[in-house]
Amino acid sequence: MDMPLRALPDPLNDYRWPAAENEVPKDVFSRDDIYRRELERLFAGPVWHVAAHRAELPNRCDFKTTWVAETPILVVQGDDSVMRAFYNACSHRGVMLETRRRGHAREFECPYHRWLFDEKGTLRACPAENDFIPGFDKADNGLAQIRCEEFLGLVFVTLSDETPPLREYLKGMEPGLELVLMGDGDCRLLGYHKTVIDANWKLYRDNDGYHTPLLHKAFTWLNWQGGKGSQTVTEQGHLAVTADLKPLSDTGILHDPSLLEFKAAIRAGGEGPQAKTGVLVLSPGTLISKALDLPIIRYSLPKGVDRTEIHWTFIAHKDDDPEMLQHRIRQANMMGPSAMISLEDAAVFNRTQKACATQPPNTQFVKGFRPGMDLAAAGQNDEVGNLAWWEIYRRLMGFQREAA
Amino acid sequence: MLTPDVLQRLDALQLDYIDALDSKDLPRWLETFQKDQGEYYVIPGEHVEEDLPLSLLHDDCYARIQDRVNFIEKVWVGIYEDYQMRHFVQRVRATPGDAPDTYDMKSNVSVLYTNTEGHAQVLAVGTYEDRVRMNGGAARFLRTRVILDNFTTPRYIVYPL
Amino acid sequence: MDMPLRALPDPLNDYRWPAAENEVPKDVFSRDDIYRRELERLFAGPVWHVAAHRAELPNRCDFKTTWVAETPILVVQGDDSVMRAFYNACSHRGVMLETRRRGHAREFECPYHRWLFDEKGTLRACPAENDFIPGFDKADNGLAQIRCEEFLGLVFVTLSDETPPLREYLKGMEPGLELVLMGDGDCRLLGYHKTVIDANWKLYRDNDGYHTPLLHKAFTWLNWQGGKGSQTVTEQGHLAVTADLKPLSDTGILHDPSLLEFKAAIRAGGEGPQAKTGVLVLSPGTLISKALDLPIIRYSLPKGVDRTEIHWTFIAHKDDDPEMLQHRIRQANMMGPSAMISLEDAAVFNRTQKACATQPPNTQFVKGFRPGMDLAAAGQNDEVGNLAWWEIYRRLMGFQREAA
Amino acid sequence: MLTPDVLQRLDALQLDYIDALDSKDLPRWLETFQKDQGEYYVIPGEHVEEDLPLSLLHDDCYARIQDRVNFIEKVWVGIYEDYQMRHFVQRVRATPGDAPDTYDMKSNVSVLYTNTEGHAQVLAVGTYEDRVRMNGGAARFLRTRVILDNFTTPRYIVYPL
Amino acid sequence: MLTPDVLQRLDALQLDYIDALDSKDLPRWLETFQKDQGEYYVIPGEHVEEDLPLSLLHDDCYARIQDRVNFIEKVWVGIYEDYQMRHFVQRVRATPGDAPDTYDMKSNVSVLYTNTEGHAQVLAVGTYEDRVRMNGGAARFLRTRVILDNFTTPRYIVYPL
Amino acid sequence: MDMPLRALPDPLNDYRWPAAENEVPKDVFSRDDIYRRELERLFAGPVWHVAAHRAELPNRCDFKTTWVAETPILVVQGDDSVMRAFYNACSHRGVMLETRRRGHAREFECPYHRWLFDEKGTLRACPAENDFIPGFDKADNGLAQIRCEEFLGLVFVTLSDETPPLREYLKGMEPGLELVLMGDGDCRLLGYHKTVIDANWKLYRDNDGYHTPLLHKAFTWLNWQGGKGSQTVTEQGHLAVTADLKPLSDTGILHDPSLLEFKAAIRAGGEGPQAKTGVLVLSPGTLISKALDLPIIRYSLPKGVDRTEIHWTFIAHKDDDPEMLQHRIRQANMMGPSAMISLEDAAVFNRTQKACATQPPNTQFVKGFRPGMDLAAAGQNDEVGNLAWWEIYRRLMGFQREAA
């Protein structure tokens, strides 16, 4: 990542966004210089990224390592239960401090010269300190900390000082988050499905309600109807669709229809938040959903302009009884990179990436779009919900629109 | 130590399993499982290390395996980017199982795959932990667990491993 | 591919071509910025590319997918027998429409939102059309079509509006094309040899008559003499060499000399076009040859600046009797990526690519070159035939010559 | 089911074949074919799918195989970038052939190769479809067909697969 | 030709060796060597070609193998980026050795490895040239030589191959 | 590599080096544009690279091929015993001339058109020369030669005319070189350990005496003490540390302590140069060391900005008796990519590369650093020895310091 303080004159300054409000240029998915600018303006910019859920590091002194694009991050639960995030690099000569994915550690020792940090990032010891540069102070040489806030167990980080406080950033998404995180976000980790898509990270977040019943043939094949629902679009470009995914009425097509039970809804008598289903897109790149009894956080980790790792993270509620727990584990067959009603998404994203260098140069969002419309008023099966985000993206990236 | 005859029948079952998959003959693959009893799991290696309960594919009953075959053959057709698998297995251990006429078997496995443009790569590597029932002459899987070393798969998995 | 309408100020504007007319800079094979400019000015520029031969999609509603550099192309034979070419991308949100290499289809359905196109590219149906952006008209939303013309069954495409008509572009190559395509181009497909060279695509087309008897040791080893011939160089930089590749007079060295029979020539009594052999380079990057009884189209598909896929495409004439058909299949042992007298070419191209960053900075064409010569007058065993093309290349790319 | 003895001789032939190739001992490779009868083909997988008649290597008589050996050893030397192959085969099926003393065998095969700078990659993956004659103790290939999954080879093929 | 029984014991030793390594069970790996006599070498293929005397790993006595195990388990811990190996071997030749009760064996070997982020690649490919002693029922390696085709390893080697 | 004569306006002109003398920016290890500039200014600039040691091509007409970054090099010992270096590219059309790693050859024949060069690079023959461009003279068309000088058997090359003579460049390193090359450099080759690190080449040369006893736990584990020593830093940024690596006093921890004998020292009675141990860093990227009885040359060959091949080259003295020879071969278990006390270095370099895009943006050298200090006066266990080199690097690269 280029450090912001060394900003270069950038030929992208002449880049023009299409005039039509419902169009997005295809080359934002494929141009390497755009990806480089995203690293600076977006990933290191005034946005919050979901780095972890407390369920992944449930105990004091648990940690998780992850990435914000090319920047390695270390998230640690302090012995005071507070979540903290650090650049995952020794403050001396920059060795990646922790290489394990998750774990438990009271201290982090850098192997190179054995500087020792505690779980709050404080530099505790460094060999031969008395021979260091005059004025060296351990207190100035802790791990570089990253802004970190928590909501319903979700651990958010931002690399920028200008990002608004988390609650402001999330405004409007609270009900959706409560729904998908089962009320209080008091969760335990079931595991991960990790995979690579050969597509730009923005394709992954580009979600619409238009495609759902059309791409995912399981719905028609099983004669499985979605229920009524609603869509929320926030100022920050977040999206929440709470279309009900009703349990399947057994049509005899599945040999094992029990998989698609909506156990929580049944238990709740079909009423209340337990009986709801929802999918949220948190800008820039995290999806969180609960389909039937299956809550999932999907981290999208860009690995270059045309490659993205998706970490599907499956959670349960801490209060689940064994039956519910087992049910959620079974229901993971329904959604995931190789699952009944989501395998198709990766296929479509990969196929879009391959066809970036084609005419016309822009993709178009047409379903439900009206010029000058209030994007927040988009319907649940529209595809315009994403346009609010694209406008934020355009501005963050400093791209001007072509004259109409 | 198992008799050569038993070993040969275990291997024959294993080979039938991989050849069925490499031939995309899913009904034949289904037949390598004990009818109404077979179970099939693909488990990320990191879950074994970290003791997490989730599987990537989790067919804890024969009906689920049947449903899987149907999804591949009836639901996803024309959408996914197809690929050709080729399996290589190496049995590293085989022992009598806990129940009579059953055997436990561990094998190393690697799967290379070729995309539609004709390029090959590693799709999967790991181990099979199998439980087999010998019904007279015919061996069938009671349970196949694929422990996936490369738990971050290079593409979405369509076919069983 | 960067879309032309977003052209950027380009540091390549200062790039200088060597003054000497017989020199070519080595870094045109290795510089990524030059490759990027080629995508715009050359591959999307005023040239015709061979995308297919009718033999590959012989029936109505047959299709073939291929690439013009990074742009995916769909070639379809309409139900009216007319060949058409399209950008292989859905007109909605850009999903690659067809992923199979070849096939038969009356309709193309995009999986994402199930828009449906017919074999002429017309948008036939789109779910929920009544809720689309006001003014949406299916007639405006067919597949983006690509200019496409045919000659002797060869299907040419161009991405530019400024390209001259095909017949004009091919001027002077007609006799050569007739020779290698066996008169009328009424062919059937035998199959492909596909391979990757670790070399720039321009090395692949850089062919000369000088190397033939020297690189390909089979000729000396088998005491196999080339016959008389001639060379044509056209204004568009095409090249045709019709040096006879005479059948081998059995010297007892081959265990199976039947492979090198010239069956068509024998049948024709050694006279006429059937008894001729030729190799054509069609600018920018297609080779078409008939060596003895073996007609081949070689597509070179760039996959980055230093990697090229070569699709050797073997054809027979539709009127071939079984003996001739079998003979051609056997004779494929003679030419191809792993064949008797062409394996060496790939080796030489790979080895040249590896040595781009060396002194002197230019390669030189010396055999048969005279300053100020008429390049079209080059002899069959010269290496200057390519210089006409290099001059076209230089101009298309906007590179100025250094002062002499 | 074939006897263990027959299977062992089939495997021995297969192993001799791959070891000869990996050792670049082409005369020894030639000897694994039935003299004056052996045939050798490498066929792109896409041709099998699309029913196209061409092969990549097409040695439809023993003389062609002999000529191939000569080209490698006498014509191409010093030109091609050399590489070291390493074959891995897995017999998935072996049955008696149509003619007496013949056997049909199908194996999965993968070939890794190392270039002169010491880096390894996948060169080829696919299947062998072999026909073997058992002449007393000595098995020989009547026909070897290599079906190449990765029909777009990562480099030009010098040695047989 | 060796008896099936001997072959099976040779194979069992080989499989025990690779399974121990893939399980990172180094004491078990150590046990596959003849106590106080076993030797272990990893030799770059280019050294065989060019007749150079150096090895990459050079354990010319049992004590060296013991020290190697200790370094992995006690010295390097927490420093190296860990990985998961998976071995595939294919015995291509086995013959009686020069000394009584010894056997010489050559196998093709490939090792895939998965890094901590879950991605797999080729780590090593080459051959094993083994000398085995049969002590009654228990086979042990007198000497294992790994000839490494890919002599430029894609990463530093921590575990034995 | 971009040829220098086509220099482009470079956005790196605005790049700023940190003001603090003990800091190095992390992005010099990861920015591709910086790597590209290194190819021009550093690898093709006024520095000497170690290309070979005479032990690798000990006889007349022996050759070795290698690389200076992306430039292929052919080093040949002439039949007059003189070492010469050439660009490894045919002077005609640039085919890499020799593809073997090492070998013996009186002549080099290019396969493409069979031009023939002798071991001194002279063009001896070219087919059909009489038909070449008028004025063609074989004498002008030999292999492009590279400046090449030798010291103690080390074969140095430089691609620039401005590089000072070798002896001047090496000034101050002579005693160190004599020590590690066993006096006269009359060596024989034992073999190579070759491996890849996923790190920038500059990390590999970034060596310090601070880390040695801390990173390499073998020292503490075996209770193995380093002896007294000294450090030399030269004007060219070379570094020599002659800290004694004493033989291990057997603590019973190793099963085979014989490995760590210091045979030469024992034989010499513990006195004189034989009893010394040293490690040298020759700018830009070669390490040469003798630890106990184990002399090693480490070539670091960049393969892109974040990938480097390390060729550990093990040598013995020509006069070694069989016992000493065998001892050196055994002792190679001590140092090398997978060896007892050096495996850890690669781990640390890889881990640093992964964490380049982190805050703070610079790494700091603190052990032994005093502002304004004489860098040449750094102690043996300091880490400031490298700063002399970093200053040379900064200037060669044309990077200005930020105002303090």
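As written, the chain order gives the labels A, B, C, D, E and F, with residue 1 at the start of each chain.
Criterion: a residue touches a chain if its C-beta (ideal position, glycine included) is under 8 Å from a C-beta of that chain, and two chains touch if they have at least 3 such contacts.
All of these numbers come straight from a predicted model, not from anything done at the bench.
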item: Fewest touching-chain hops separating subunit B from subunit C; value: 1
item: Partner chains that subunit E and subunit F have in common; value: A, D
item: Chain at maximum distance from subunit C, centres defined as averaged CA atoms; value: E
item: Of all other chains, the one whose Cα centre sits farthest from subunit F; value: B
item: Mean-CA-position distance for subunit F and subunit A (Å); value: 44
item: Whole-Å separation of chain centres (CA-atom averages), subunit B against subunit D; value: 28
item: For subunit B, residues contacting two or more additional chains; value: 4, 44, 46, 79, 81, 88, 117-118, 122, 151-152, 154
item: Of all residues in subunit C, the ones touching two or more other chains; value: 99, 101, 111, 194, 215, 344, 347-348, 351
item: Pairwise chain contacts, counting only pairs that touch as defined; value: A-B, A-C, A-E, A-F, B-C, B-D, B-E, C-D, C-F, D-E, D-F, E-F
item: Touch list for subunit E against partner subunit D, complex; value: 4, 44-46, 88, 90-93, 106, 108, 110, 122, 124-127, 149-152, 154
item: Subunit A-touching residues of subunit B, taken from the complex the two chains share; value: 44, 46-47, 50, 52-64, 66-67, 70-71, 74-76, 79-81, 151-158
item: List of subunit B residues in touch with subunit C within their complex; value: 78-79, 81-82, 116-118
item: Subunit F contact footprint on subunit A (complex, rising order); value: 1-3, 5-6, 8-9, 39, 69-72, 87-89, 91-97, 99, 111-114, 127-128, 131-134, 136, 144
item: Subunit F - residues contacting subunit D, complex; value: 99-101, 109, 111, 194
